[in-house]
Amino acid sequence: MAEALVVRGVSKRFGGLRAVADFSFSVNEGETVALIGPNGAGKTTSFNLITGYYRPDAGSITAFGRELVGLPPYEICTLGLARTFQVARPFGQMTVLANVMTGAFLRDRRPHIARERAREAIRFVGLADKENALAADLTTIDERRLEMARALATEPKLLLLDEVMAGLNPSEIDQAVGLVGQLAQRGLTIVIVEHVMRAIMAVARHIVVLDHGQKIAEGTPRTVVGNPEVIRAYLGTGYAHPHPHATD
Amino acid sequence: MVPIKTIAIVLAATILIALPLVVKNAFALDICIRVLLFAFIGVAWNLMGGYAKQLSLGHAAFFGLGAYTSTLLLIRLGISPWIGIVAGGVVAMLVSLPIGWLCFRLRGPYFAIATIAVAQVLMLLFLKLRDFAWGAEGTTLPNLGNAPLMMQFGGKAGYYWLALVLLALALAITYRIERSWMGYYLVAVGEDEDAAEAIGVNAPRIKRDVYLISAFLTALAGTFYVQYIYFIDPNTAFSFNVSVEAALVSIVGGIGTLWGPVLGTILLEPTSALLQSTLGSGRGGVQLTVYALILMAVILWRPTGLLGIFTDTYQRIARRG
Amino acid sequence: MFSTVAQAVINGLLIGGIYALVSIGVTLIFGVVKVVNFAQGEFVMIGMYISFFLATKLGVDPLLSLAISMPALFLIGVLLQETLIRRVLGLGDMPQIFLTFALSLLLMNVALLLFTANYQTVHTAYSDASFQVGPVYVSVAKLIAFVVAMLLSGALWLFLHATDMGKAMRAAAQNRDVAMLMGINPNRVFSVAVGLALALAGAAGSLLMPFYPAYPTVGQVFTLMAFVAVILGTLGNVTGALIAGLMMGIAESLGIQFVGADSGLIVVFLMLLVTLAVRPSGLFGGWSR
Amino acid sequence: MKRRHFLATTTAGAVATAGFGTPLLGRAAETINIGGLYPTTGSLALIGQGCVNAAKLAVQMVNDAGGIKSLGGAKLNLITSDVQSDPTVTRTETDRLISSNKLAAIHGCYASALTLIASEVAERAKVPLITGSSSDQLNKGRTFTFTPFARASQFAQAQLRMSHLVSEKPKVAVIFENTAFGTATSNGLKEQAPGENVEIVMFEPYSAGFTDASPLINKVKSSGANMLFSVSYLNDLILIVRTMKQLGANMPINGGSGGFVQPEFYKNVGKEAEGLLGVAHWNHDIDADAQRVSAAFQKQYGEFIFEYAGGLVAQTFMLADAMERAKSSDPQKVRDALATLDVSRGYAAMAPGGKVKFGPDGKNVYGHPVGVQWQHGDLASVFPSQEARKPLMKA
């Protein structure tokens, strides 16, 4: 299987703080990989490094065979990598449709085509009835849906989802898990940062664990959850039983 | 619905075009010209400041460059301002590239203050160009009487129509942009630049492009202005007031809307002219005090601009009907 | 040559103290409340008129009138925050900038109505006095103004680092939520910040009065200088504004001496633009640490 | 003469009060509108306000003396407008004044840049404009613009000649604000200095409205000059003079025109102003008429009438004279009458030299400035000798 994304030896410091250190992992095409770790482990920083918002101090990042380091975010998106933000960032003064159309314009500049494709994405995430609502008026889950639709409208090959389930109630989480699953079925490669373990177990076949900017474990959900290193990172030393759900 | 709208537009256009044939009072026409001119500058500013929310307080830089380019061509080489006006626009576009390169790395208040500094530096430079551009003394334009080919008109009607054409041009450009991908990209950049880049919006480039357009249009206004007031000096051409007025009319009317700057100018310019003529001969300071109070009231009461009132009302009526 | 340079540096440094006071006010408001105050110079003007009237009507020395102008402007600041600025918080840059801009226009013209455009000066024994250090002349009034300005800046620094309210302000500057977690009402923090900023402007006015005439539009040039200084010193950074204010005074003075008397501002603006080209977030990055 | 004036006025008054349907002269005593454009807000507000005060006083004087007799004692009516020290407003206001009032003539605007704009508008509207502004540009290609007082180039010459009063070998530092007024005046100084045997050792424009004059004065000190020419408006000049003292720069100062000849200057600078020299296009001691005007002004506003304002009173009388001779308030006819104005007595001739007659360029052929000096809180005319009303005070 071809590799969609390869992160090799990436490091990033902010002043005295080492945010990510010598981090490597890779994602195969069509695979769903979860990136987990306690708060401040460097997950979001990794996303920002991959999508061009930060420039790594060392290391290389390639996607579909192209080096990404040094490229601005919009070019990385053009290459087929789309992301969502930890805190949703809709364009508040635009309608839902306009938000998603803005994403769709990347592949076709004609408004009627963009509108059609945007509607498709909106339908897919289940926002069709709020197409004309102002984005600023949406609820949290709808904001997440919107952000996903907007990312999908850019027709990505690789989707990076940053905590799309945080703050959702259990039934909403189920819906979100369903969505991610459908995307994976469509053949999309997905990297997901998530705290909700139940969701991770449901969507990811491969998990990468970060702590203090370093990769401490990697593997299938089951092996990772049982890894004592991972348990210590989440709960501190002294805890015998893994109880990842409480870490949100 | 569509025919009614078309009829309304044709009717409005006819009235606007025929206005100078009916209104003979020079002062009234002067106010109309000022409204058209500042609405034009406002619309040009709004493309960048309103849609893309790049708060420029230095648009006087382009106004002044346009004014000086055409005046220098006219007086030094005898070239008609009709050519000069385009040349001024091109010069402004070229200068907007390095300014944009420098300023667009900055956001929010940094950007605003940097643009003030750029306009000020240009003004100070033109003050130093004593031999080439008349320095601080400035110059008056040669009085050619009624010479339409040299952009000088006997009466006010000529200036009125020219200003009307300029405004129509800026509105048409804005209308086209607003409805195209570029409009969406501009608003997205204005709302959240990072989020826009995440979905493939080349923010630096879109900002540069809209700055080029905005600079070009603002420079046209500069040429028109000098032709209209017959005089140029660095303090006039690069006046901070021009930069502020461009932004103010948009904010009062409603930024990021097609008609906002127009509405803002229609409200502000005659108000200030009327305050001027009724209170101006009294003790100094009254009219600007009143003007400032009006501004504060609008900003506090309707920070999104007054256009909202009209569109809300329109929608309410439409819904009822 | 040496004496010329030394004199230029001293001249610049002394007036830089006033720039610093005004700039610290602008940066404090921006840091805490996130509003750029275009009317800061007008509060310097108000401070000047307070000192002027106290001096001419009651015979109070302008320096002593600090004790009145500073509290008076502090109150005006609290009022300004509570009645105006508070209502445009969270509305984005534009309504904020234009509200303070309109306020500046209003204050200038009300002053014109009340006090006319006449220049008003106060003559004290030390107004035009000076002493010599080697070849360098030092104006007594300007030296006093500089020293007091530095003392006030120091006091503000202490306040920000040693009191709960000050710490809350620094916290608010970094993260609004953190400030709220500290259990301090953010509205109070904002009011005190704006009050302090205006008190500094008032102090600048009183300090200027012995050697500088008051008139309605006197504030504009100080606002301009303060803007450049706060950006050079990184918006929101108090120490940065202090150092940048002093630097601006010196740069302007050297510019006038060695480039041309009409080039002081060009030098200052070019310094700003070059700094922004190299370091877009100013020289000092981040809140005062 | 005086007596007949008196009779004429009382007759006209009696006619009016008696309520005859047709006045004796067969025409209703109309009011004649004169426009006055001055900046009463903005940076020049102080001076603009003084001009408006003087213009009102002048109109009152003309009216009290019986108005325009050839028009049945028509009264002058002053319509002023604030041009805000702003070119756009000047353009609009000139237009407005002309188009919404039937004006016989306009005067204004103090600042050269504003006057140039008003003049362009007036030329096109064919309304005469009379002004004390000194820019030589006002005398180029204009037919409706009249300048009864000294031009910027003449100011320079007078200033240079005065330097010989205080030094055998004048070495002059020239500092000037980089505005229209500053550059126009200083260019004249530079061009004429060699001819007047004056060495210019420093020639430096500065940005008007600075916060600190010390760097500039520092530069003056190190220039080796034995005299300073400062072409400045009021505030800068106050700072310059006070800073000279602070930095121990002791040399004679010629403050030129502008801010230097304002009573406000002395009030702000105090005793440091004593003995300082300047140049003016008008001064309140040049003749008995001027002294009378100044006394009236002082009574109302508490200070002597300054250069520009005093000249404005003379200008109003020149307009009245023109209307008297034109027997009309039609702007074209008033212009034609102004073009043939030739006075050597009365308030209309209240100018240095005591004579006014316009050449084809609208310039007073007799126009020249007076050198003035601050003496005991008053501004005294001291140069040239035929204009000197007080001897030069040695510092």
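Think of it as A, B, C and D in the order they're written, each chain with its own count starting at 1.
Convention: contacts are C-beta pairs under 8 Å (C-beta built on N, C-alpha and C of every residue); 3 or more make two chains touch, one makes a residue touch a chain.
Bear in mind the structure is a predicted one, so any value in this text is a computation, not a measurement.
**Student:** Of the chains present, which has its C-alpha mean closest to the combined C-alpha mean?
**Tutor:** So the chain sitting closest to the middle is B.
**Student:** By mean C-alpha coordinates, which chain is most distant from chain C?
**Tutor:** A
**Student:** Report the inter-chain centroid distance for chain B and chain C in whole angstrom, where each centroid is the mean of the CA atoms.
**Tutor:** 32
**Student:** Between chain B and chain D, what is the separation of their C-alpha centroids in Å?
**Tutor:** Computed value for the inter-centroid distance: 37 Å.
**Student:** Report the inter-centroid distance (CA atoms only) between chain A and chain C in whole Å.
**Tutor:** 46
**Student:** When the centre of a chain is set as the mean of its C-alpha atoms, what distance in Å lies between chain A and chain B?
**Tutor:** 43
**Student:** Multi-chain contacts in chain B: which residues touch at least two other chains?
**Tutor:** Touching at least two other chains: 124, 127-128, 283-285, 288.
**Student:** Out of chain C, which residues touch more than one other chain, so two or more?
**Tutor:** Counting only residues that touch two or more other chains, chain C contributes 109, 112, 116-117, 216, 262, 265.
**Student:** What are the residues of chain D that contact at least two other chains?
**Tutor:** Correct list: 41, 45, 49, 178, 205, 207.
**Student:** Dump the list of chain pairs that touch, please.
**Tutor:** Contacting pairs: A-B, B-C, B-D, C-D.
**Student:** Provide the residue numbers of chain D that touch chain C in the complex, in ascending order.
**Tutor:** 41-43, 45-46, 49, 175, 178, 204-207, 209-212, 214-216, 218-219, 222, 234-235, 238-239, 242-243, 245-248, 264, 267-268, 270, 272
**Student:** For chain C, which residues are in contact with chain D within the complex?
**Tutor:** My answer: residues 4, 7-8, 11-12, 14-15, 18-19, 109, 112, 116-121, 123, 127-130, 132, 137, 139, 141-142, 211-213, 215-217, 220-222, 225, 249, 252-257, 260-262, 264-265.
**Student:** For chain C, which residues are in contact with chain B within the complex?
**Tutor:** Those in contact with chain B are residues 30, 36, 84, 87-88, 91-95, 97-99, 101-103, 105-106, 108-113, 116-117, 216, 224, 227-228, 231, 235, 262-263, 265-266, 269-270, 272-273, 276-277, 280-281.
**Student:** Which part of chain D faces chain B closely enough to touch in the complex?
**Tutor:** Residues of chain D touching chain B: 40-41, 45, 48-49, 79-82, 84, 86-89, 91-93, 95-96, 98-100, 112-113, 116-117, 119-121, 123-124, 135, 137, 141, 178-180, 182-184, 205, 207.
**Student:** Touching chain D in the complex: which residues of chain B?
**Tutor:** 25-27, 30-31, 34, 124, 127-128, 130, 135-143, 225, 228-231, 233, 235-236, 239, 241, 273, 276-277, 280-281, 283-285, 287-288
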